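Before we start, here is the structure in question, set down as structure tokens.
Chain nomenclature is as follows: A, B, C, D, E and F, assigned in order of appearance, with residue numbering initiated at 1 for each chain independently.
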Amino acid sequence: MDLRVINPNTTAGMTATIGAAAERIAAPGTRITAVNPDSGPVSIESHFDEAISAVGVTEEVRRGEAEGADAYIIACFGDPGLLAARELTRAPVIGIAEAAFHVASLVSTRFSIVTTLGRTGIIAEHLLASYGFTGHCRRVRAAEIPVLDLEENGDAAFERIVAECCRARDADNIGAIVLGCGGMADLTARISDAVGLPVIEGVTAAVKLAEALVGLGLQTSKHGDLAFPRPKPFTGRFADLSDTRYE
Amino acid sequence: MDLRVINPNTTAGMTATIGAAAERIAAPGTRITAVNPDSGPVSIESHFDEAISAVGVTEEVRRGEAEGADAYIIACFGDPGLLAARELTRAPVIGIAEAAFHVASLVSTRFSIVTTLGRTGIIAEHLLASYGFTGHCRRVRAAEIPVLDLEENGDAAFERIVAECCRARDADNIGAIVLGCGGMADLTARISDAVGLPVIEGVTAAVKLAEALVGLGLQTSKHGDLAFPRPKPFTGRFADLSDTRYE
Amino acid sequence: MDLRVINPNTTAGMTATIGAAAERIAAPGTRITAVNPDSGPVSIESHFDEAISAVGVTEEVRRGEAEGADAYIIACFGDPGLLAARELTRAPVIGIAEAAFHVASLVSTRFSIVTTLGRTGIIAEHLLASYGFTGHCRRVRAAEIPVLDLEENGDAAFERIVAECCRARDADNIGAIVLGCGGMADLTARISDAVGLPVIEGVTAAVKLAEALVGLGLQTSKHGDLAFPRPKPFTGRFADLSDTRYE
Amino acid sequence: MDLRVINPNTTAGMTATIGAAAERIAAPGTRITAVNPDSGPVSIESHFDEAISAVGVTEEVRRGEAEGADAYIIACFGDPGLLAARELTRAPVIGIAEAAFHVASLVSTRFSIVTTLGRTGIIAEHLLASYGFTGHCRRVRAAEIPVLDLEENGDAAFERIVAECCRARDADNIGAIVLGCGGMADLTARISDAVGLPVIEGVTAAVKLAEALVGLGLQTSKHGDLAFPRPKPFTGRFADLSDTRYE
Amino acid sequence: MDLRVINPNTTAGMTATIGAAAERIAAPGTRITAVNPDSGPVSIESHFDEAISAVGVTEEVRRGEAEGADAYIIACFGDPGLLAARELTRAPVIGIAEAAFHVASLVSTRFSIVTTLGRTGIIAEHLLASYGFTGHCRRVRAAEIPVLDLEENGDAAFERIVAECCRARDADNIGAIVLGCGGMADLTARISDAVGLPVIEGVTAAVKLAEALVGLGLQTSKHGDLAFPRPKPFTGRFADLSDTRYE
Amino acid sequence: MDLRVINPNTTAGMTATIGAAAERIAAPGTRITAVNPDSGPVSIESHFDEAISAVGVTEEVRRGEAEGADAYIIACFGDPGLLAARELTRAPVIGIAEAAFHVASLVSTRFSIVTTLGRTGIIAEHLLASYGFTGHCRRVRAAEIPVLDLEENGDAAFERIVAECCRARDADNIGAIVLGCGGMADLTARISDAVGLPVIEGVTAAVKLAEALVGLGLQTSKHGDLAFPRPKPFTGRFADLSDTRYE
């Protein structure tokens, strides 16, 4: 299967990090194509960054459709453009936040989230509520690390994340920790070793869930609200989207 | 005050309709500027349309900031880009769906929503949950009218909406009806007369809530998760957003 | 418009304070009439005080109806008698707790409440749940000030409220603070300046929401459970309510 | 034990009906004193009726305290003045709606409510939410009978209630039915026989719960928000409440 | 009435403790038969212990049916086998956790739970959610005492429980405390005296609720999902359950 | 990997059906061992059947541990003994109900469940609430087929299930259907073809989720409430469980 891993931000280094993590976990038959949009923010740390990045996500899905992708992963913890992406394809589309929540709830009864910047915690809270996991999450914590520090300042970032994870382990009455940033994908094993309980990271979780859905022969429902968008004119910089017919 | 009414789709006729409805309800001191982005879909009837339209919403807010707008309304029932827009300004930003829900809950204990296409009902359900109104809404109904039919085929659309509203009135055990599309802004009074209970429409509701917030001297909180976005590079078609400093 | 601001307690000084705050914020066309019942508690600090005060609220609404009031505000943070009052009139009726919650949710994603006595926190919790704002409120805090100290001992009260608000700002992960007592109406600006984030006070919020509803031409629904009460005999001290026909 | 059964309305016939039902179910050691306030509505069919009736409920509790009552029942399905009454005494106070919900959830997994007038259904919905039983109740139904018809027009009322109960039994996927009016207290056995599943009525349920609490030696908590009200002046018709010290 | 108090674990000493507590609280007409299964764990401190103990609970209910029991109590705070037991009989069946929650909510607005081992807190959380009391419980606390220490090491256990209850009283903003283990049944009065607010223990609460249901003539509904199980073959060690017909 | 598929009932034919469905969907590296306990009910159609079957589930997990199983599936839609099983092993354990809910929520926004007997619908409702999917499920429907009819009377059962699925598709405003019985595992493809929207069946879903968790190297958390049970004596028919030390 051709699994398209979309990094919604435009930092190629992070795309490579995410892609490598995906390849390490992928099944033999899974071909990982890690991509990022040409256009968008270099990191996603606000509702605004997220809104802009959603356009790039849909662009990459449309490109994937042309190239015959079998499934898609949206590799930003806010799952930007998730439902929009699902409308554009019959292939499964999975966000790394939802993937992490689903998986964490299968190996523990309660978990906490450790994310980068506190200001993005509200995004996690909204996703927990929308997906149904509010009751499973004890607390959303932040290590207060700018996303790109994960690339540029890895050791210091690692230490801060581990320290916050240990606080969660000791104070939150949990069984597992969810890492709240795609950029942490390569740190998971080291963090888990350091913290001593299951640490779930969304990119790897999403790869395996995508393989699961494809293996089940399940596709995104086209019955009801995830049906293909009705073709219509778009204007200006989005004119290229006009009257597209999706199949 | 300068109230910027942003129609997130690019149909000028609908922008005019919305603007006229806003002007009819605006207080003497309120100057309505009805705008729509240059770029985006001609109507918003899916998660995909909504995701694309959010970019235009943020563009119009940035333009408004340059021009000194005092408040903003997002005049699409999905409230596209609402939190992103709030990050970009100290001025109040109000979505017409949230406005309608708030107002409906002040004049009734329970309401139903009558929207255009059934496939967009899920968007309303998600907003009700996110804003806290799930318990106040009895049912989300659809008249199954494409949005632009409100412009091009007004009488037939009116009849279908009234028919659905009457079904809601008679079956749903409600006190009020919320109209689920900005394009219905000019029909509210006629619908209310025909149906015989309070009918709340979001554009007009949002104008009065925006006047209320400005009158209170309240601004969007910059303490916490609605703080201005951190400046950073954007690439490609969004390069113009790079390193913007918001105040 | 004639806006009747009902202080449910019988302390004329607080009625004056509330009325003055309402007048400062009211639009030019809004005539504020601040009233309190002849009968009731001098302050409302318990479920019992609140139950008694609800009678006075309904008395003031009935008086307002005779005098042609256009809207009503119930200026106690427990919103005593709110639904009863709505049954008695077609005019909008707004409680200051609900007004504050609605407004706070439009300028922040999460807020905390700072009220007077801890024992009244449960009233705020019940209102948050009933109105749908439980998920928006991080914490209900109390400065442990008897209500009348706001009148009689203003500076000390102010200091305690500011101190509690600062604790909320620093610990609660919020964007705004809601003041939990009508008697704080004249302190809002000073508190907001001292605390440095949006501080929402219910009396002023309710004035602007009442103006908004009247501006929209919306009235309390008489379809369903807020219909006028069925006329019937009342006995004893309430005999004067017998067989009243409401229009 | 002296169990004070308070009928919040002032219809002596209904007080007698309720008292007789309570006596039939009471344990040998339980002395039932069925009372109603001198002042209040002859029936409770609206939020307004309920607000007024709450005063009478607190008056009867204060009288009961003077006379040494051991427990109280508030025999109207809206539980008017419940928390206020609890503040006034160490004795247990039970509302018939809460009693019926608690008991119904012990003999079935889901129940429906059959009440008198549809307009009062919202009161039941609010109580279900406040007490935590929203998930246990499938549907709130109304037989559309004015409360006093239960006294004056018993056979016709009985037929309508049974018919609605049978609809609930056949359509609602339930195990039990809760009767939503204290005036139905004498009909329970006949209704249950006619409908063929457990029918729970609040007055009888509350008598047994009150006996249970007294038997347990449990009293209303005075730690926290149900502590006795702080003494204070009351004015006008409520001056008699001034500076009362509760013990 | 013959009230069967089933201790789901097989420690006779705890059965005696529970039985004695039940007898002390039982009404004159109530004959307490305290039993425990022949087969099962000596204490219940995990989901596994609970699953095994549920079999013994159903065995004791079947024995009780043969002997004509009028009601049953499941005297373990996880309420193991509660719904299964209800299917097997028309008699009321009450779990001590649900009993404690119901009673606590009648004498306070909010409570905390103090249980034995932290690992069992999740069981209490699940029950609170299933029964509808999540909103009433502030916090689930553990004294970290193995269950049998209550038998073997009573004084030390008592001190730890009181210490945890005092922390709950001082920190949790509650009106009552629920004891989270049947083995604490004989300590309730002493704990309550030491802590100074209402302390609810499930065995005693369940005895009075069982008497209440029997007094009401209410039985477990056989309409719907608590109907008697369909007779069918069972194999192996459960062959004795085959083709049983329940009445 | 050695994936143990546990059919909690003792009908070998159903175990074979479930095992065959699991093998068809399993990845090359996955060895399916379909088992059922020696002891238990021939079908699970009630809370009682479920409670008894949980013992057999734990027995099969203990056997699997001795034999080195890598993951477990509990192949009954009530997920009997799920948390108990998780305590007994570090290996992942997945219930087919939870598996189906998770997967359905990844390919649709809302789903309905079609189960066998109406009386088991309450079990699905409890699981939806416990797992967080109440908001995702529109309706729980029953085809009213005894479980073993799926084995003995397949064609008639198939027709009834398809008919109910079509009613769900046409009336429930859903994107997918969840089949509510492990015995339907071999019918999924035919049902999906007949109904025309994604149909999710739990056995196959659980196989792929188990492969996903093993592929991720994730194990059931032993930090907190899923830690191995404390060794202790068991009596009578469960004496063989005494003092077991789990690793």
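Rule of thumb we're sticking to: a contact is a pair of C-beta atoms (placed from the backbone, for glycine too) under 8 Å apart; a residue touches a chain by one contact, two chains touch by 3 or more.
All values reported here derive from a predicted model rather than from experimental measurement.
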| item | value |
| --- | --- |
| Length of the shortest touching-chain route, chain B through to chain C | 1 |
| Shared interface partners, meaning chains that touch chain B and chain E | A, C, D, F |
| Angular offset of chain B relative to chain F [C-alpha, multiple of 5 degrees] | 120 |
| Computed distance of Cα centres, chain B from chain A, in Å | 29 |
| Centre-of-Cα separation between chain F and chain C, whole angstrom | 52 |
| Centroid distance [mean C-alpha coordinates] between chain F and chain D, Å | 44 |
| Residues within chain E bordering two or more other chains | 83, 109-110, 118, 121-122, 129, 135, 173, 224-226 |
| Full enumeration of touching chain pairs | A-B, A-C, A-E, A-F, B-C, B-D, B-F, C-D, C-E, D-E, D-F, E-F |
| Contact footprint of chain D on chain C as seen in their complex | 10, 37-43, 45-52, 54-55, 58, 81, 83-84, 86-88, 118-122, 126, 129-130, 146, 224-227, 229-230, 232-239, 241 |
| Chain D residues within the chain F interface of the complex | 109-110, 135, 173 |
| Complex contact set, residues of chain B against chain C | 25, 27, 83, 92, 94, 98, 102-103, 105-110, 131-136, 169, 173-176, 196-198, 200, 204-205, 208-209, 211-213, 215-216, 218-221, 223-226 |
| Touch list for chain F against partner chain D, complex | 118, 121-122, 129 |
